[in-house]
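The following pair of complexes shares a single chain, chain A, combined with chain B in the former and chain C in the latter.
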Partner chain A sequence: MRAYILRRLAQSVLVVLAVTTIMFFMFRVVPSDPTVMLVERGISEEARQALLERWGLTGSLWEQYLRYMGNLLVGDFGSSFFYRQPVWDVLLPRIANTLWIAVPGLLLGALIGSALGMVVGWARRGGAVERGGILVATIIRGTPSFIIGIALLAIFSSWLGWLPGFGMGDAGGATGLARYLRWDFLLHLILPLMAVVIYFLPENLLLMRSGVVENRTEDYIELVRAKGVSDARVAWHAGRNSLLPLITWLFPALAETIAGIVVIEIVFSWPGIGRELVLAVTRQDYPVAQAAFFLLAVMIVLANLAADLTYGKLDPRVVYK
Partner chain B sequence: MSVTAEHASPRRLAWLTDPLRLLMSDSFAVAGVTVFGIFVLIAIFAPWIATHPPYESALSPEGRLLRLQPPSAEHWFGTTTFGHDVFSQFILGFRIALMVGVLGALAVGVISTMFGVISGYFGGLIDDILMRITDVALSIPTLPFAIVAVGLLGPSINNIILVIALLFWRNGARIIRSAVLTERERVYVRWARAAGASHLHIILRHILPNVFRVVFLWITMSVAFAILTEASLSFIGLGDPSVVSWGQMLNTAFSSGNLRTAWWWVVPPSVALVMLISALYLIGRAFEEQTNPRLRRN
Partner chain C sequence: MADATETDFDRRLNLKPPVRLTVEGLRVIYRTRRGPFQAVDGISFEVEPGTVLGLVGESGCGKSTVVKALMRLLPDGTRIEGRVLLDGQDLLAMDKRALRRVRWNKVALITQSAMNALDPVIRVGDQIVESIRAHEAVDRATAWRRAETLFRLVGLPAHRLNEFPHQFSGGMRQRAVIAMALSLNAGLLLADEPTTALDPIMQDQIMSRIRGIQELLHRSMILVTHDIGLVAENCDMVAVMYAGQIIEKGPVAEVLVKPRHPYTIGLHNAFPRMPEEGEARPPLISIAGGLPNLLNPPPGCRFAPRCPFATERCRVETPPLRELEPGHSAACHYAERAEDFRRLGLLPETWAVKEAAA
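Right, the complex of A and B next:
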């Protein structure tokens, strides 16, 4: 077990290293000159060199690469070309903002989705509930997240006029946690959060449904039924055993969905890490873009690792090699 | 020899006809195929259906720009904030969506099949190396990668298709590899090998036809992923400015601040995207359901 964890950890480190290397060369090789945005025109050659040095853009590509990787190891992402402040200071609040819509959104989506999936999975095969559930879930799954956002904006913001759909509301000078404990913030939170829930729900539903359908013909279900317990409890037995594949799928899905929340953040002008990535790319603010991309990639690697490790914890039949 | 050939001929195309028959037995899949077929027809005839050039500014008799006009006899779906005809842009969007979808999915299909077949069939060191490459590729966040890559390479439709190909081969390679692994161990493959058949012959005649179902499923899903990726990138503002795509239309409506009022401009591209992607998912779902014996209804 310990050997397995160590091996998976080493593997994860290698994967992160590879992704970071790909990313570094993508950013450095493709654009003609990363200093175009950084260095104002008409600046003297001396001042330009000094600036380049400050931003770590001198020396050969290899020297830059080694310096960059060294800085990454100590968690130094450099400074933003655009904001003229350390990348961490730019990204940390953005990450918090993203988590505000991502974490509750994904949890609610998984909870509601799997509950509905259990209902659809336990419904009569070929009946209206099953067919209707599958059709609606597939159509929602086929709806791009920005269209979900646009629909919510149209209904709740423009038509009914109940909820705001732009930004996070006025901070009123509040900082830290107090920034988030405002009524105004919560009102602004509802629509983007709803969008994440709806976006994430159908896949949970469909996965849970397949699990229940696969399990409902198993012998142990017959046994439970023979014991004379209520139908709902029998359904729960089938559902509980379908949770296992759902949970292992959930971690990578979480990570991938956080990366996919980018578009929802754009629709609602929610100042999260995904929106910042898009802004950084269009502003050619490479340090911020690189760091945001790196953090998202690390999240996916960690999520895969967590999925592998929990699977064994939950299913005693799994043997680690 | 001629006897076996005659005997085999009706089943020669089984790898193609079996998946099709399977599709036709699922009513959701039939609906998906029908929608997809209609979309393909509209895409083919788009230039003849469109009533105006997509970027032609509509002018009133007095020469004023007709911006944000609701639907009328002249402009069936109204006009944009620049006075462009929404119906014509919408119809031409069918071409772009299907072009991106089909080209992207074909590229994904070729790459993932090559990766999967080589990795699964030969095994050993080749398999190890290819699967480690796949592991790294699987750790790349999908949309952020697309944003960064298109941002760096420049927003053109070719770069968008390239990014789609780079992104979606990886899951397909895994799935196709595991299908190849089971095929490889079949008795007839070993016999063919023992009889002196070349690797290429075995792959082309025995492995590929038998994993075609999986390849087909992955290509279908890739069409949907490709369309979704192009639409998302265009909506974000990283689309090809020289083509009219649905994502692009929504982006223009969004960035010009008309998302909430000009429903005639927003609804058509949204509905078309949802219909097309859902239709493809319905086809894909039927495949998964029918090929998994524990899900099949008897």
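Right, the complex of A and C next:
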């Protein structure tokens, strides 16, 4: 088990390294000059050289790459061209902002989705609950996340005027945790959070349902029913067995859903890491874009690792080698 | 269990009498896309307390459907008619709560495929504990101790309760299923082909285990099987099913030695048996043809198309199940000629002619 985890960790590091390398060169081969935005026109050649040196843009591409990787090893992502401050200072608060909608959103989506999936899967075959559940879930699943976001905005913000739909509200200069401990912030949180939940929920529902439908005709379910336990308990057996495929899907899907969250952040102007990533790319702010991609890669790799480890906990038949 | 100390299971042993099962006019109709399918067509039988009834027939004759009907495990939308009386209480008329109380408490099931009968992700011990605690207000530790007693009873080491089904061999899983069926000492056990998936040696071990438990606990039991040999060794009474109907029933000694229905005679000859001293090995004879389509059952005797002795009357008039000797009935117009049938039935030509004609 320990050897397995160590080996998987080593693999994960390799993957992240590869992603970082690809990202580095991709941004360099894009036909545009970052110095244009960094270096003002009309500046003297010496000053320009000094600036380029300061931002690590001198030397051959290989030298730049080695310098970049070396700095990365000690956790230094460099400085943002646009903000003129260290990348970490730019990204950290935005990561926190993203976590506020991503973590509760994904948790609620998975929990509500699988619970509803169990209900729909256990309902009478061909009945209204099953047909209706599948229909609604499929429609939502096919809807892009920005449409979900815009629909929520249109209904609750523009039409009913119940909830704000733009940004996080005015923190009044507060920093750190104080930014979030405001009633106003919670109001701003509701719509983007709802969008994430609604976006993530249907696939959980559909996967859980098909698992339960598959399991409810298994022999062991018949024997559980014969034992005279409650209906809910029988359904629990089917649900428990359906968790296995759900979990294998869930963690890699988390990674995919991050892409959907990026879009939701833009719709609601939520100042998260996803929105920052898109802005950084359009601003050719390479240090920020590369760092954001790096963090996303780490998240995705960790999600996959977590999936493999959880699977063994849920299914006693899985052996780590 | 003389070697074990007295447990709560031993004390309960004497508390629960075996159940008397009376089935009257049981009819099961599956709803299918092509119309109603009469899987069981008005059968009646009785299991006296403490006796074993063998329910035999070929695959698809409806014997497993009968077992499921007796526990109301059939899929939603299936029509069940008739009465299933457990000590006089009609199981088919019960509401959900009463049904839950009766299941496992009065009637328990030893299922067909030991392979998937247990939940793959729950420890075997916890699955037995679940069945106990669904009906009795005992704590987990007490239920677990009873599970240990049950494991010893079926010949499994108690520490393996902590394992998962996939860590068991097929024979061990079957024993675990038996242990679970005994967990509340139900008065009626339904054993649905308990040895079908096992090799012959394991089959024999499991059956002698079931016999031993039967001698110890005196439960009423239905043994569903297609193996006439198992019936001969384990049952008091036997009912032979064909195409959803009981076509012959009676004491095992009567029905297997002097079968009255041509189908029983054919079934008998289709099984290998040891030749007696000086006798030539009797040939194995198969019955040609297959079961009739129950979506649209033919008129008359359902066995007529495969019966070498069938007449015009058989194809038109349905023979009733009638008592020929005390306790022994058969559904054949010509049951009185059974002696001739038995003699002719031993000859492969008798059945071969039919095959050529078909």
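The criterion applied here is as follows: the second predicted complex is superposed on the first by the 319 of 321 C-alpha atoms of A that agree within 3 Å, B and C clash if a C-alpha of one lies under 4 Å from a C-alpha of the other, contacts with A are read in each partner's own complex, and residues count from 1 in each chain.
One rule holds in what follows: a contact is a pair of C-beta atoms (placed from the backbone, for glycine too) under 8 Å apart; a residue touches a chain by one contact, two chains touch by 3 or more.
Remember, predicted model here, so these are calculated numbers, not experimental data.
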>> Under the stated touch criterion, which partner chain does A:Leu91 make contact with: chain B (first), chain C (second), both, or neither?
In response: neither
>> Looking at A:Met26 after the superposition, I want to know if it touches chain B, chain C, both of them or none. Which is it: first, second, both, neither?
In response: first
> Of chain B and chain C, which one contacts the greater number of residues in chain A?
Replying inline: B
> Now for A:Val234: first (chain B), second (chain C), both, or neither, which partner does it touch?
Replying inline: neither
> In the superposed arrangement, does A:Gly260 touch chain B (first), chain C (second), both or neither?
Replying inline: first
> Where does A:Ala123 make contact in the superposed view: on chain B (first), on chain C (second), on both, or on neither?
Replying inline: neither
>> Let me test your reading of the model: by the given contact rule, A:Ile101 touches which partner, first (chain B), second (chain C), both or neither?
In response: neither
>> Output the chain A positions appearing in both contact lists, the one against chain B and the one against chain C.
In response: 125
>> Under the definition above, what is the set of chain A residues touching chain B in their complex?
In response: 11, 15-16, 18-19, 22-23, 26-27, 30-31, 125-126, 131, 134-135, 138-139, 141-147, 150-151, 153-154, 157-158, 206, 210, 213-214, 217, 255-256, 259-260, 262-263, 266-267, 274, 277-278, 281-282, 289, 292-293, 296-297, 299-301, 304
>> Could you list, by residue number, the parts of chain C that touch chain A in their complex?
In response: 68, 71, 73, 76, 96, 99-105, 108-109, 111-113, 115-122, 130-131, 134-135, 164, 166, 177, 180
> Which positions of chain B touch chain A when the two form their complex?
Replying inline: 28, 135-136, 138-145, 147-149, 151-153, 224, 228, 231-232, 235-238, 250, 254, 259-261, 263, 266, 270, 273-274, 277-282, 285, 292, 294-295, 297
> Which chain A residues qualify as touching chain C in the complex?
Replying inline: 124-125, 218-220, 222-231, 233, 237, 240-241, 244, 314-317
